[in-house]
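Contents: one structure, followed by commentary.
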Amino acid sequence: MVSAPPVLELAGVDHVYPDGSTGLRDCSLALARGRRHALLGANGAGKSTVLLHLNGLLRPGAGQLRHDGQPVDHGRAGLAALRRRVGLVFQDPDRQLFAAHVEEDVSFGPLNLGFDAGTVRARVAAALDAVGLREHAGRAVHRLSFGQKKRVCIAGVLAMEPEVLLLDEPMAGLDAAMQAGLAALLDRLAARGVTVLLSTHDADFAFGWADDIHLLAAGRCIASGRAATLAARPDLLHAAGHRVPLAIALHAELAARGVLPQSPAPRSVPALLDALRALPRQFEHPGETTA
Amino acid sequence: MVSAPPVLELAGVDHVYPDGSTGLRDCSLALARGRRHALLGANGAGKSTVLLHLNGLLRPGAGQLRHDGQPVDHGRAGLAALRRRVGLVFQDPDRQLFAAHVEEDVSFGPLNLGFDAGTVRARVAAALDAVGLREHAGRAVHRLSFGQKKRVCIAGVLAMEPEVLLLDEPMAGLDAAMQAGLAALLDRLAARGVTVLLSTHDADFAFGWADDIHLLAAGRCIASGRAATLAARPDLLHAAGHRVPLAIALHAELAARGVLPQSPAPRSVPALLDALRALPRQFEHPGETTA
Amino acid sequence: MLIETTACASRWRGVAPSAKALFALSGAAAAWLARSPDTLAVLAAVPVLAALLGARVPPRAWLGAALAPLGFLLLACMTLLFGPDPHGTWHWNGALLPAVQRTALRSLAVLAALLGFALTTPLPDLLALLRRLRTPELLLDLMALCYRMLFVLRQAWDEGVEAQRARLGHRGWRQRWRSTGMLAGHMAQQVWQRAAALQMAADARSYAGTLRFLPAAFPHARRQNALAALAGALLLALAAGDRW
Amino acid sequence: MHIMEGFLPPAHALGWSAVSACFLAWGLRSMGRGLRRHPEQRMLFGVAAAFAFLLSALKLPSVTGSCSHPTGVGLGALLFGPAPMVPVGFVVLLFQALLLAHGGITTLGANVFSMAVVGPFVAYGVFRAVAALGMSRSLAVFAAACLGDLATYATTSLQLAWAFPDPVGGMAASLARFAGIFALTQVPIAISEGILTVLVVNAIARF
């Protein structure tokens, strides 16, 4: 496994938009297969640009996109081969759902791949099962809630059975319960071997969920690494305009005071809260109610 | 002051949408003047419906909208009088900006109120100053970033100098830095006496920012009260599908262990972290680095 | 939107639109008056030079904007000179050459004059001018809404096409037709939704039936109008001298 | 196919402008009456104009080149009737002239007549006629959009032939030439338009 190339890789990619603004500068980033990746950066840092490059929708001005270690050919056949394996879910469901009904929209990708009706039907059913929308298959898209639309978008990509799933700001606009549900869905996909990369501007979420973090600032890929490793690098986080994730910072303070053990470091504030609650209380105040 | 009526009030409002789905059920909610209010609920709980009622864009099927204690007349004159005092900022900037240029769009409201060109120009300048877009006055709206468009929307309402400002999910799509900037702007407005109500599904943000919280679940207004009071009512929060804000829960645990004092309770996790850092360390671990 | 982008960046953006319109219309009228090819060539060259040197319009942008009309000009002139007669035989029609030459030069002169206006004046400035000239309110509202929604819908269209490409919707011509039809249908249905949302947003800002905005101020309009009138009069005098 | 800026002789340009101005005034009055009953349609027509502009600037899959076509206006005539399409088409054509340099200000009158008057009326009339014969909706929509487009291009050819009659054969010879040349580009465009309009109308009907 040590020699396995990353499933997708940007190598020294530059991108300038037609209006002259810089999208990416010498950005290098590699996605190890089967892991959960978060692309973390402020608005305008170039997260969407990276995702569009990884799906071949933009073409590097300089540098290279590699798939399984091989440079991607940006011709028609090369792109079709890439997009068959790499699926991209955009941020705004209203911009990517164009069919009238759920089933019809989900079938769009498999039909374009040229499968026969039976295969398409089976894939649509499986994809809708995966996102938990089986019973909504026949509904009109515009009658769904925002969270449901988002899941239809994901189903539309899953029906193409990609090996890499890219998601642009998938948590935006979702409430806490929906976010938890979506994170669980992504975890199930990762467990099935799908490489997942999502972009976010929420450092707390990124460090709470991802295995690997890729830091982006002003079009530069400034660091990539294990979440636990990067969490201990406030210098890099600050350079990308983020603070240290609250869970890490709180844990450091509490560990310094001997309230919590030095390790394991909890990944998220709720996990830290659970760790606190699991400790025996040293003393109770009278009249104290626990939340 | 004890007898001052709320500036805006919904009293027992029902609303059914034309397609038969229920928007609100017997919803009662009062906004005390000059305070910062958060309308907290999951997606689909009816937050937007409440805001549309408060601005008179929807008409209650049953119940009443009251302004300064007086029932609002939903005729043309009554609505004009209401909307002169109550401004509403929608969630999606692209659905509410009509004009080509920033300055033009901001002038739309004051011109509708019948002011002369000089007054309108002064109000537009003041509103653009307030949102920090003075130097973008002449730019084309379609060239602005999402965060800038959002601020143009707010300026367009501020230029009408409303006494109540309603904002539908203003933090959606903004990154941490932009959210902090917007929260600071809303604080300045509240300090000038404007009553601010924003809707959100983020309990941590709501409890960190607002003076008063209004809880909404499945079209019902299940509770209203001071943020500190509601934070101590996990039963109500759970009924609305929220957990207790992390800052409150963490503080309760840490106070129970004597790490932090019982009061003051920090409003947000960063504030709690600051409180922890301000404490003297009981003992240092060798090689420990603080984040 | 090459022309609009160029207009926003042009050095003459701050010049009163009335002055630029006056100059452009004088140029067009002069081209209509003039007869000789030489005068027409001068009348075509003046607005081009004014745009390139005065307003600093990049030559590439000017050419890019002129490409479509130049294509039409080539095709239409070729049709006049060479085409099928009623019996279906194609032949060259040399007798029309002088008339075609004059028509082509006149078209170029009028094109140069009005392109000079379009490449230096963003459309909203023109709308403000039309409002002052008492264009019907309804027409102005249509234009204002159309202009703003143009960019919104175009962005939505581009994003929709991008999302379709990500799902291989534009692999071959069959997929492309199907995808384009689906997207156009979806966006047609969005027209109603967006109109309803805009109506609601306007109502929330005390909309009273017409869309009114405060136009941009052009403090030096009087002087600029006078200069434009002078320059326009020179062009007209040149054309009149040529004709009579 | 839009007639370019300055191509028509002054008398023709002014004459077509006068004719189109009459239709525009009529269209605005008719639209204004409708808006008094449904004021919210003002926004609808504004957004619809933007959509029509977008469609007209679209490169259809099988057609290359920068030929503009009146898709949106024919579609609009089927949805809203031909009268409101005069002001909407006027706005679209003005924007095409100023934003894309397709057509022109001096030729706006001639272009409005062919694309915002003749095209929508023919499309609407064909649709009603085919529908009255009991044919399927798709066929009626296809025929309407396709024939509306062809009528537009025939009108443009006529306008050009009238302005530039053949010195020997007169207007008829000139018309044959313009119609013959433009048929090469316009017939495929008209068919594309018909197909796209059918797809759009079917999609709208499904929502």
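We call the chains A, B, C and D, going by the order they appear; numbering starts again at 1 in every chain.
The rule is short, and it goes like this: contacts are C-beta pairs under 8 Å (C-beta built on N, C-alpha and C of every residue); 3 or more make two chains touch, one makes a residue touch a chain.
Chain labels with UniProt names: A, B = ABC transporter ATP-binding protein; C = Cobalt ECF transporter T component CbiQ.
All figures in this text were calculated on a predicted structure; none of them were measured in a lab.
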Pair with more cross-chain C-beta pairs in contact, given B-C and C-D: C-D
Most distant chain from chain B by Cα centroid: D
Cα-centroid distance, chain A relative to chain B, in whole angstrom: 29
Distance between the centres, which are taken as Cα means, of chain C and chain B, whole angstrom: 43
Approximate Å spacing (C-alpha centroids) for the pair chain B, chain D: 48
Inter-centroid spacing, chain D versus chain C (mean Cα positions, whole Å): 18
Junction residues of chain A, two or more chains touched: 142
Residues of chain D engaged with two or more neighbouring chains: 203, 206-207
Overlap residues in chain C, where contacts from two or more other chains coincide: 123, 144-145, 147-148, 152, 182, 185-187, 189, 194, 198, 202
Of all residues in chain D, those that touch chain C in their complex: 1-7, 9-10, 28, 31-32, 35, 39-40, 42-51, 53-55, 58, 60-62, 65-66, 75, 87-88, 90-92, 94-95, 97-102, 104-106, 160, 164, 166-169, 172-174, 176-178, 180-182, 195-196, 198-204, 206-207
Contact set on chain C toward chain D in their complex: 1, 3-4, 28, 31-32, 65-69, 71-73, 75-76, 78-80, 83-86, 93, 95-96, 99, 103, 106-111, 114-115, 118, 123, 126, 136, 138-139, 141-150, 152-154, 157, 173, 176-178, 180-182, 184-189, 191-192, 194-196, 198-199, 202, 209
Contacting residues of chain A [partner chain C, same complex]: 19, 52, 55, 57, 76, 80, 83-84, 87-88, 90, 92, 94-99, 108-109, 112-113, 142, 156-157, 160
Touch list for chain C against partner chain B, complex: 8, 122-124, 127, 144-145, 147-148, 151-152, 155, 194, 197-198, 200-208, 211-216
Chain B - residues contacting chain A, complex: 42-44, 145-147, 169, 172-178, 201-203, 232, 234, 241-244, 246, 248-250, 252-259, 262, 269-270, 272-273, 276-277, 279, 281-285, 288-291
